[in-house]
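Shared between the two complexes below is chain A, which pairs with chain B and chain C, respectively.
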Partner chain A sequence: MTMIKMALRSLIGNGLKTWLNVFVLSFTFVLIIFMQGLLEGWNRQAVTDTVTWEIAGGQYWSQKYDPYDPFSIDSSAAVVPSSFRKEYDAHDIEPVLYAKGTIYPGGRMQGVLLKGIRPDQHLLALPTYLLKADGAEIPVIMGAHMAKQANLKVNDLVTLRWRDVNGTFEAVDIRVAGIFRTSVPTVDIGQIWLPLDELQKMTLQPNACTILITKPEIPIQQLSAWPFKDQTELTKQTAAMIQAKSKGYNVFYFIFLSMALIAIFDTQTLSIFRRQREIGTLVALGMTQKQVVSLFTLEGTMNALLAILVGTIWGLPIFVAFAVNGIHIPMDVSSFGVPMADKMFPYFTLKLVAGTISFIMVITALVSYWPAHKIARMKPTDAIRGKAL
Partner chain B sequence: MKTIVEVKNLVKKFPIGDGFFTALKGVNLIFTEGEFTGLVGPSGSGKTTLLNIIGTLDVPTDGDVIVLSKSVGNLSPKEAAQLRKEELGFIFQNYNLLPVYTVFENVEFPLLLLKMSAGERKQRVLETLEWVGLTDKVKSRPSQLSGGECQRVAIARAMVKRPRLVLADEPTANLDAANSHHILQTMEKLNRELKTTFIFATHDEKVIGYLHRIIRLADGKVVEDSSPLNSPKGDLKSESSQGTITNNNDLDSSPSGRLGGAL
Partner chain C sequence: MNSFKIGILLFLVLATSYAQNYPTGKSILDKVDKNMSAKTRVMTASMEVGTERTKRTMVSKIYGEGDHKAYTEYLAPAREKGTKMLKLDNQLWIYSPTTDRTVQISGHMLRQSVMGSDMSYEDMMNDKPLLEQYQADVTGTETIDGANCWVVTLTAIIPDANYFTRKMWVDSERFIPLKEDLFAKSGKLLKRITFSNVQKVQGRWFPLSFVYKDMLKDGPGTKLTIQEIQLDTQIPASVFNLGNLK
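Up next is the complex of A and B:
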């Protein structure tokens, strides 16, 4: 208690110097928590968006389907198992057929992945109702990024060439029925969505599909020909990509943390020079060297405590405001290859806040201890005269 | 009279380059309770070194120093700190006040280390500040005080715990004549009223005039140990009472005049 009182007196007595340190440290606290919250929010948003746009409750993959082997895509489809008949009719399970194709927008040739889906599906956020459009040409929808790449607009016609299951080339004009905006690049980049029955006819694969997307509540069936992939497995890659990108942010994290710690370390180290006479006096007045170390360590740690208080006062309203209203991302980030919405919502967990605070508290105590430990080795007689260092 | 400090054949050497500088060369002294003694000598004579060893801030190279029945050479750092905390008071040439503390907090500090209750601390601090005539500066910081006032705060800090021995290293070196006399009168009064033992290290003639016992050191050895029968302090006192010290600081009219009653 006495130590706390002494450390507090020193902190208050140091006035502006203390408050400058506290502000720098509080800035670090807030910034680190905010950046981590942003990454956490991004992660959650990416997973949620991927589930909403692509995964739903999980996917059954045709045994022959290998997403990493583009040459086998055309031959990876299989007939929808009869055990899914009830769910199929109720639209609780949605088949998607994959096929390779080539489009010729403006005389250029561009390879695409064709995805056939039922227009009246309701498991994914895709605006597949646009595929119901009447007309001579096959209606297709695509993501904004794909449309931009191919320089296509709604109602534009473009020639599509593909091969059927026998390897025969066919070609037809398709019409862009709709362009959707999504934060999930895996349903956008290089892909064209068209009605499932059209694609089945085009590829001569009646009733076939490559994957089956399920509604979340549907009981999982164990079928050797259709292995099931749950949400965790399917979003693993997204999470891994975000984690990889977050490493770049960690550089900033450590720069800011280092700045704050250098400020504290600097103050504490300078204290050795500036306050050596004071330290000698404390020893002469009856403090042990251990007590002096404790006092200075406590003083440094109290900087962190005050910074938490100050950071809470000015940081909390900022956290709440951004968590509620989100942060607009002005740049086009679709090329990142990671789902990123136009607006990001930071997500602050108790674990994140408590973890960051604890981490900084420990680091602060350490950088305060080191110079204090050096103080303790001073000869009191030299310290009193101010010539120990 | 009870022996408070006994210095036995004390030798202190400091390493310098490849060799040693011998600051004290076999010093033998005895200090009894209630003494008002000065270690007098030129710079480098060893007076501060002797004071530091008596104050347990340094250790002998050879010989021994017994302070309040405890051998300085055999004390652990913790035991030495305990002795300083409970029994010793220090007054320094540069005052060595804690700059971020107020006058009250500076004087209160030794009592905090003794874990005294808040009420008792307050009473003691105010009482001690009354002795040195600084009750109106309680909330001031050292930077707002004059040199004389700072030294009075340092005296109050040394005296607040009622130590048995006060060690003062050149306490008047940074003070003008008027303040020096006032400081010395204060200390002499405390010595007389509280029976606190004072040991000074000084070469200031003004201090020497107040001393009851003068130990002259030269080249690390005691060359004279005398008790002046006719101290010139009476003359100096008359000098200070002629108006050099303000009435507010005049010990005879200040609350310190009631020192005995307060105790």
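Up next is the complex of A and C:
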């Protein structure tokens, strides 16, 4: 207890130097927790949005479907298995047919992935009810990013060219029945959604689909021709991408933490040099050198404790404000390829906060011990004379 | 009433006799195939790919046997020089000298555009006789660049024809298409090919210049100019061999 009092008194006695160190360290604390919270929030939001817009309870993929081979997409469909008939009729399973096409907005040529879906589906957040629109042209919906890329607006007509299953070219005009905003680029970029029965007719593939999307509670069927992909597998890539971004942020953490720790190290080194007489006196008064080392280490580590306190005072209101109101992303991030909403909500877990605090405490203690361990090699007599170092 | 019936009958007789002046579509296509199709062909051609802003020219030497085997070697520009492509049935291999690697491309790649042009690999390599793919009907006559042409409408008789209908303007003397429109099933015009510089090649008429134009997009299209051509010549089997790619 005495040691803590001595360390604290000495630390406060350092005045502005201490508070500068504490502020820099508190800034690092707050920044690391905030950034990690932001990534955690992004991850959760990305998974939730992907489930809402694209995955639902999971997907069955036609055995021939390979998302990494765009050239084989046209021949990847298969007839919906009869074992799904009940779920199919009840809309507990939604077939989606993929085909490649080309649109010609304003005389430009643009490759698109056509996705046929039943207009009355309710598993995904896509506004497919707009596909029920009557008219001479086939109604289609597309994401805001796709519409921007193609320079298309609602009710615009554009020529669509595709090949049927035999390879014969076909082309018609389609009408943009709706444009939706989504944070999930995999249902937006380079894609056009149209009624399933139309796409089946267009490609001469009656009753065929490429994937089957299931309702979450539906029991999974093990079919060799239709392997099942669960939510974890389907969001694996998004999680990996965010993980990779998280690693990228480690560089910033390292820089900020290094700044704070160099300041503490520098203060400790200077302090030990200047306070040689005090160290010698303490040893002369009966403290062991080990106790003196502990005192100085504690003094350095207390920087981190004070930083936690200061960081809590100014950082907590910021955390709460952002966690509640979210952070508006001031640019169009839909082309990044990772699900990212316009507003991001950081998510702070106890594990994250406790983990960051423990990590910084241990690092600060090590940095404080490093200059202090020289005291153990000091001769008390030289120290009293101020000539030990 | 009777005179009305006689009038109709007379009209039908006249119309039939007029239509009978046309040769059959089959006979025209047969003559076109005899000019345009060959068992083998070896040619050096330059391909001018134009967009609204730029123009690129590539020169290649092409060996073809039916529509199953094709071997292409790019001779210019420097960036493409040495690139080789081998097509055997539905498989395609591409050798790139910059990486010194041969890559096998999915058969579906054959549907893609050749080097960003308005032509697909299928368009370039398809040499299947038209009579095997289409039923032909002569629907009129027109003049193109001073040449009298039969207007022949072709309708696919096989399910995997690339274009469901084609309209061909065939020179009535030389039996060479001078213009061809390619349509989708819906009747939308997709591509237009214009043929020019018709020359005698080994005793047959053959156009040495083609312009492929994707009618749905802007731009001048792709111009293919044949610099040298040999038809029905013996091509060594080693040309259509994977070992020839390196």
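In this section, the second predicted complex is superposed on the first by the 388 of 389 C-alpha atoms of A that agree within 3 Å, B and C clash if a C-alpha of one lies under 4 Å from a C-alpha of the other, contacts with A are read in each partner's own complex, and residues count from 1 in each chain.
Definition applied: a contact is a pair of C-beta atoms (placed from the backbone, for glycine too) under 8 Å apart; a residue touches a chain by one contact, two chains touch by 3 or more.
As the structure is a computational prediction, the values presented were derived from the model and not from experiment.
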Subject >> Room on chain A for both chain B and chain C (clash or fit) >> reply: fit
Original post:
Touching A:Gly280 in the superposition: chain B (first), chain C (second), both, neither?
Top reply: first
Subject >> Contacts of A:Ile318 with chain B and chain C, given as first, second, both or neither >> reply: neither
**OP:** Could you look at A:Val154 and tell me whether it touches chain B, chain C, both or neither (first, second, both, neither)?
**Re:** neither
Original post:
Which partner does A:Ala240 reach: the first (chain B), the second (chain C), both, or neither?
Top reply: neither
Original post:
Between chain B (first) and chain C (second), which, if any, makes contact with A:Thr2: first, second, both or neither?
Top reply: first
**OP:** In the overlay, answer first, second, both or neither for which of chain B and chain C A:Gly13 touches.
**Re:** first
**OP:** Check the residue A:Ile384 against both partner chains and state whether it touches chain B (first), chain C (second), both, or neither.
**Re:** first
Original post:
Rounded to the nearest angstrom, what is the minimum C-alpha distance from chain B to chain C in the superposition?
Top reply: 67
Subject >> Partner chain B, residues of chain A touching it in the complex >> reply: 2, 5-6, 9-10, 12-14, 277-278, 280-289, 291, 379-381, 384, 386
Original post:
What residues on chain A touch chain C, complex-wise?
Top reply: 69, 71-72, 74-75, 102, 104, 107-109, 159, 161, 163-164, 166-172
**OP:** Spell out the part of chain B that touches chain A in their complex, as residue ranges.
**Re:** 52, 55, 57-58, 77-78, 81-82, 84-86, 88, 90, 92, 94, 96-101, 105, 109-110, 112-113, 115, 141, 157
Subject >> List of chain C residues in touch with chain A within their complex >> reply: 105-109, 111-112, 122, 156, 159-164, 182, 184-186, 188, 190, 214, 216-219
